[in-house]
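What follows is chain A paired twice: with chain B in the first complex and chain C in the second.
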Partner chain A sequence: MRHSTRIAVGPVQFRIGSDWAEPIAALEHLYAGYPQDDTRPAEATVRLFAARPWRRWLRPSVHIGGDFVVPDALPLPLSMGLLAAEMGMNLQVALGWRRHMLLHASAVAQGGRALIMSGESGSGKSTLAALLGEKEGGGDWRLMGDEFTLIDPAGGDAFAFPRAVSLKNEAIAEVAARVDPSRLGPLLAATPKGDIRHLIPRADAIAAMHEPARPALLLFPRFGGEVAVEPMGEGEAFVRLTEASTNYVALGEAGFAALTRLVRETPAFTISYPDSAAGIALVEQIWAEAAK
Partner chain B sequence: MSAVRSFVDLLAGRRDPAALTSRDWDGVIGVARSEAMLATLAHRIAGAALPPTVAALFADQRAAAKVAQAQALWEAEMARRALAPAGIEFVLLKGAAYAAADMSCAAGRQIGDLDILVLAPDIRRAENLLLTAGWEWVKSDPYDDAYYRQHMHELPPMIHKARDRMIDVHHTILPRTHRITPDALALVGDAVTSGAGFAVLNPADMACHCAAHMLADGDLQGGLRNLWDFHTMTRDFAAADPGYWGQLDGRAVLHGLQGAVHRAARLSRDLYGVALPSGWDRQDPSDACFRRRLFARDDWGRVTEPALEQAFYIRSHWLRMPPAMLAKHLWTKWRKR
Partner chain C sequence: MADRTYRAAPADALRVEPLGELTAIFDRRSMQTHLVVSPMPEILDAMGAEACNATGLAARLAAAFDLDATEDAQPILAERLRELAAMGLVERA
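On to the complex of A and B.
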């Protein structure tokens, strides 16, 4: 393809090709601090392409392709090329990765123990993970990822997938107030997923991206409403995590064993919170009281 | 050398994996994924010296394919439990059959839907039994449904509502309207029992079906995989039975598939390097188009010759139905867009 780059996030080496220079330049800015190994073959391929040659210039629209594609997925305007790249990368991992059980969950770690947060889009799991990862004074959380948490089926450890954090809507201002502007990507306004701005994880989180962490706490956050905490039984956590996993079925017995072990060994709670400050306080309180 | 040629050479054993550069691997892995053959390649060069990350990826692929095959055979068992009590026997086709018979092409082979073949008089009962056992129709469009029932070689696809797996129930191996009419009764009647206990086509019919699926019915999507199936099965069958190529010729004539079977043999010779017996080992100028279509992929896994791809798509429809019917079908489909 005309333009391309290589990015390593966690255990996955991507190669991303594009018909346009802009998405590649934007990716190279966001991922400049990630380890580069140009001699390593790519495990996953993402293609950003124009469906017709003239659509490269005339109302350019970016189709998302790669090893795996979603039929009938709508293209995005070139101004949202970075979002297209992010969606393409997520898709390849969600459908192609088999080494780990993939949970659609954010995670942060402290002292080799992981806090895993799973929830629908809008639950605040990304924002909570990003804010914990940025917390100053007393907080030494390492951001593991805002989209996927990888569970090793053999040992049960959690592994990081710290792609650039996808901040949405209100979360953008909240995080922007706390970090150096150089760590933020361009504002992608009014995308199909709302306003989006990417946050480059802290250098120490990127440097530690291959370090495993033992799952110590499972949270299922819900943004909005009064502060509330509800313990969750193993059965419900199991069912919710099967729904949050993109490869649970494909892993067969190994997936069942890994998930059973995760919910048996890890305390789980649903939490509700009215705002981020309350959410952070609540998460840290439960971590102190209940984490294994 | 292009990635797709490197990939084919690796399968054929003509290229040393240790000689590939890291950029070569990018392309080979991309092409292999596009052809749904990464786990096949992972098995084919399992013992080779590979870059560590490639070796790890290939180990993942082999493990995942093993699970997928167990799941595919379980699906076959579910169909057996739905149909056997009513006395309906079926023959497994394609991927699940290769796995049930533990054939070498099954190593790492992706298995999509469950394909089974029943006798035509049993097909309505089979459908009812499957519906009772939890499968449901996928296509809600009445035209598509009627089209399948009147003209196709299979029922409209069904999906199991709990396990989310598709089943294709065939009563023959080419559409009713196809220019060629294989002997479906002979296919079922002469089936053999596999190691896993399921009925599968006999060795000659299995290669006939493989060739028919690739060259007489399809548009060569997934052609490299189908050709790999054909190559490894004919190689292994011929090694076990010196009379195999003669039997294959006989069955191909019976089913009207001599052209497709011979072309598949020539293509597998050209791509994967098998030696053919006399009578098979010919040259046909029109094979060049097929080879070009099979190699039409760039280093990013994209189809490189859209016009040729389109031509093969039209060809597949041309073979499937008479011109007037094709025109009516395409008109109806176009109006529904």
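On to the complex of A and C.
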């Protein structure tokens, strides 16, 4: 790889290599405020490589590679190099990480206690976490991550994975209105996932990224419809979280023990909300009333 | 249909965790997680280490739960035993 960089997000040290300079420069901008420790060995490797050597010059197209490769991963045009790097980082963590149970969930923390939100793409879990993490005055939330939450199988604590937040479509304007423009990456328009713009988490969230938080509330948000809250039983929460975990099966009994403990010790609810403001208000109300 | 005899998985092979209405069972031999509802956990409990058929199981459950043993329990339990066998949680003795 002609260009490369190292990025530490939570406990994961990435090495990212690219045939082109642009994606590396974009990553170095987004992750400039993250702690650097180049002496640590890399735990996950992402390579952005040219499909054919000559394509680098003729019709540049980024392929994602690394320790694990999805055979049908879409080649993305070079302008999407940043998105390709993000997808590659997610992929390596989702498939390769074994030290924690990995939940496809966003999380924010307050006073050492974590609110974990799990849901499909489009549920609003990323936007809710990003907005809570930017909330001024009232709340004092620390963004732990918009995509993955790590659970320590031994102790049950949640650990942060605060990669740059991937804002999509309507969420871009909503968040851009509240933050300093220097914390936003370039607009990636019309990607296979829609419009995307990255948000650099607040400096205090990055500085605290190694601090564990005790899971205190599990929410399964659904964007759209009237405001509604339904308590979720332990069994259903267990099933939903096995589906949301990328490495549950690989962890074997340790994953089973971690997940049964999490759903037993943490109150869980599904929530519906029509817009972000209603969602934030609902989340804070449930946190005040039901969080452990 | 013949009343087949089954043996439950050895106690140390399974990790059984009740989660409200569901019970999660981790099978250490296959590394698989099974989610079951009543009466599966009760059946596994009642079988213990001894092999038994549906008739014997009906008697054990009747004794354990203070029920009257009835004839129509036998075909239902035979079906549940076949399902547990398909999951690998009991096997033909």
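Keep in mind that, in the parts below, the second predicted complex is superposed on the first by the 292 of 292 C-alpha atoms of A that agree within 3 Å, B and C clash if a C-alpha of one lies under 4 Å from a C-alpha of the other, contacts with A are read in each partner's own complex, and residues count from 1 in each chain.
In this text, a contact is a pair of C-beta atoms (placed from the backbone, for glycine too) under 8 Å apart; a residue touches a chain by one contact, two chains touch by 3 or more.
Keep in mind the model is a prediction, meaning the values are calculated, not measured.
Q: Touching A:H104, do we find chain B (first), chain C (second), both, or neither?
A: Neither partner.
Q: With the two complexes superposed on chain A, say which partner A:R47 touches: chain B (first), chain C (second), both, or neither.
A: Once the two structures are laid over each other on A, A:R47 reaches chain B alone.
Q: Given the touch rule stated above, what does A:H198 touch, chain B (first), chain C (second), both, or neither?
A: It touches nothing on chain B or chain C.
Q: Hey, is it chain B or chain C that touches more of chain A?
A: Answer, by number of touched residues of chain A: B.
Q: Which partner does A:R183 contact after superposing on A: first (chain B), second (chain C), both, neither?
A: neither
Q: Between chain B and chain C, whom does A:R264 touch in the aligned arrangement: first, second, both, or neither?
A: Second partner only, chain C.
Q: For A:Q13, using the defined touch cut-off, is the partner it touches chain B, chain C, both, or neither? Pick first, second, both or neither.
A: In the superposition, A:Q13 contacts chain B only.
Q: Look at A:G252 in the shared chain and tell me whether it touches chain B only, chain C only, both, or neither; answer first, second, both or neither.
A: both
Q: Name the residues of chain A shared by its contacts with chain B and its contacts with chain C.
A: Residues 249, 252-253, which sit in both footprints.
Q: Going by the contact rule set out above, which residues of chain A touch chain B in the complex?
A: Per the touch definition, chain A meets chain B at residues 1, 13, 15, 17, 38-43, 45, 47, 65-68, 96-99, 249-254.
Q: So in the complex, the part of chain A that touches chain C is made up of which residues?
A: 233-236, 238-239, 242, 249, 252-253, 256-257, 260, 263-264
Q: In their shared complex, at which residues does chain C touch chain A?
A: Going through chain C, the ones touching chain A are 15, 17, 19-24, 26, 28, 31, 33, 35.
Q: Spell out the residues on chain B that touch chain A in their complex, using ranges where they run on.
A: Going through chain B, the ones touching chain A are 22-23, 25-26, 29-30, 33-34, 51, 53-54, 56-57, 60-61, 63-64, 67-68, 70-71, 164, 300-302.
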